[in-house]
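Order as written gives the chain letters A, B, C and D; numbering starts at 1 within each chain.
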């Protein structure tokens, strides 16, 4: 069964900025979806901020194995309730791929528990993305490095938790470096942050970037979802696996925990 | 200069429940502070939920190197604004020690980005805390294991991110296990979760528990605070470390980033 | 294409000890292989210490995607040259699953870089294996815990590096705990340590243990092998990606590095 | 009590190569020791490959809290027995700082369990070392980045296990990047790899490099050494913490484990 992937696009600059509109006439989300189409193991839908519930209804998320998130100008417009819903689906096992300026999206900051800040410069400079973990599934089929002739610079320190694995590190023409591909796990959900993708440049028309995204979808997919992680059930004394006698004073008369 | 430690107590059950009040006539926070007093490298203050701004004013946090957090019944009463303030201080480098039922505190869930759920049973059963990392600073001076004759059971799965280090794992009489001592880092802040401490039992009168807490304060203290992690500054093209020419279209005319 | 799995058995106690021979009349390796046979995605071969080159010839390893290792009494008889060969295949991307007393095998100690010691007791006591990461692929289809009525006890501290992920923690009847399922990555190779499997008990006849092993093979398989990790190539100055002029004194006239 | 630090120098190129001898007339080890001397919390000794037992006698290591290792041309001349001795001291809690070409030293490869390979170029190019974890103790007092005008290039992939923490990432003029500061823990021993330090350049005369080394010594020092990690003791049935009856067949009649 193919991996059901949902590409979420903020779809703001495509409507407002001629350069971005020319770059991505059908919207960035649709171009990202196009990059995934060559992998027969992936079926893709797209949605945007402007849809009801930002396109992240309970039903839509229930049918999503991997969510890809691109946002920039309108992070603040994403409703907190939807952010919590997405977080819970990640904990249950939905994969999440956060792109570029999505480092400051509510959902990424929510799952990282850290500022997710960085330095930046928009000068159309050369970025060279080095593969630091060439045996990682996300690096499958990639050359030792690939170049994006014009990109926005993101520079360290990138204030995220130390990752499970560092897959890419970028070199920038202007003298900075950045950890460009990082993996995390939250609950049963695999999370991948991938740096490139400034909207004024043609990054999502790049075939190697496409290979990274296809690899990342395959990696992030977890067939072993686990919806139970949100519960904190009481285990009654009489059902203890080893026989014990209740002792001492008790607080939880009704066997309901506090939150 | 000694480590300025602030013990935060919820101070609810001490006021409402005779067993807890008898256990901790001066409040749990003051008993925890007493456990720290034998370490001349630590100076301790205490505060509670009931204080203005829950005792976590900007000034109070600015003078705190390590914050210890015990809460249970009233997590929901902690104001979100204060939670954010504490999180930012942790990112800047304040250490944080979260105790027992604090696994469901807003601040711990905020920093973990995960559900932090578990199974539990209040039966006064025996807990045996095993040291899994005997060379860790938090295990200094501890025996291979220590026992708490009556404790609340917490059972796996504990839905937190995989930690930097697992320092303790608990065995419970009724048949469960739990990762009882876990370390994390968020920004410049060291975080330690320590399981024992149910309020109806005399856990914070236990000398070995005291040793753990003193060790944890010394470990969590970071003399290298770094307040800059929250900023995401633009680096002007003319100030690039390697000379570059600006190329291509630009979005950020005013050099202000989006959030 | 199915995952080519090689089960390596020490095959010593099966020949010498009547209890073990009765437990595993065809050898432990063949019984472990039988547990894998219900997964149509896995094809399995077996080999033993007694074969030429311990059955780990260059050819055999080249045709192996995942190697399962069970050894106990004869770790010292495994030739160092073969250990290095296996280590290099792991670095290239072969998965490795190390079972029970294999914690002291040369190959596991080689890859961990740590003592890999523990406490132990052979008393036929009850082990209860708890799933600490229920959303992990290795936990797929498992109940929250499973019991082995008679097992050898292994107790903490287990002196291995902190793992990428802790998948299982065991409770023992006699009062100990143990991190029973741990994941690592070395080069391109995924490594899983799984605790149960003492030869005098019928552990590898247990269907849940079989499920764990099948899951582990699927998890450990890395389709993105990377043979290049062992090289340390010189990059000639004239081939630098950004044009540079050679400056300063030089040591490596012949462009050969030291090892 | 100050941290007893031993600087180990290979001391080969200083004797053979005029450039290196001019750079480090007293040997690299003595210059590195000089960098530590401004920290009153550190007392330093030096030793070299040429000393009996390479200066790493049982007595010398017993009096060492942190060992700094620089080697390049003569890794192969270090006796395996000494490597094992150093590894065991690290497991017991001695800190280890491995410098530059020490990535291929026997002791580093032994503790990493991985190839530790990389790409390299000796062209006297500019290296800019970025601090990726500015709140880490090893980054204390450092600017956001520091430059070494002439250094040897090391490029990714660096085939080491994913670290606990990435403290530095380097930018190279010729277009490469490298994770230049990585932390690990093996047993009770803290390990730090630091990239800069090619012998034909004046790197160890740089004051910022000195600050890094002083910070690293303070970080690597573990006051909680734990010599017991190498043992794998049997726990007799009669001494089990919870009363159990011995059941089933037994293998270890004499209560001696296998290795």
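The criterion applied here is as follows: a residue touches a chain if its C-beta (ideal position, glycine included) is under 8 Å from a C-beta of that chain, and two chains touch if they have at least 3 such contacts.
Chains and their UniProt names: A, B, C, D = ThuA domain-containing protein.
Given the structure is predicted, the values throughout are model-derived calculations rather than measurements.
Colleague: Shortest hop count from subunit A to subunit D along touching chains?
Modeller: 1
Colleague: Relative to subunit B, which chain's C-alpha centre is the most remote?
Modeller: Farthest chain from subunit B, going by C-alpha centroids: C.
Colleague: Could you work out how far the Cα centre of subunit A sits from that of subunit B, in whole Å?
Modeller: Chain centroid spacing, subunit A to subunit B, equals 27 Å.
Colleague: Return the distance between the CA-based centres of subunit B and subunit D, expressed in whole Å.
Modeller: Distance between chain centres, rounded to whole Å: 31 Å.
Colleague: Give, as an integer number of Å, the spacing between the C-alpha centres of subunit C and subunit B.
Modeller: 35
Colleague: Touching two or more other chains, which residues of subunit A qualify?
Modeller: Each of 128, 134, 155, 157, 162, 164-165, 173, 175-176, 185, 187, 229, 241 in subunit A touches at least two other chains.
Colleague: Provide the residue numbers of subunit B that touch subunit A in the complex, in ascending order.
Modeller: Subunit B residues touching subunit A: 13, 17, 19-20, 72-76, 87, 91, 101, 104, 110-115, 117-125, 150, 153, 155, 157, 159, 161-162, 164, 173-176, 184-187, 198-201, 229-237, 240-242, 244-252, 257-259.
Colleague: Show which residues of subunit D lie in contact with subunit A when the two form their complex.
Modeller: 128, 130-134, 144, 155-158, 162-166, 169-172, 175-177, 179
Colleague: Once bound in the complex, which stretches of subunit C touch subunit A?
Modeller: Of all residues in subunit C, those touching subunit A are 92-93, 128, 134-137, 139-141, 145, 164-165, 185, 187-189, 222-226, 228-229, 241-242.
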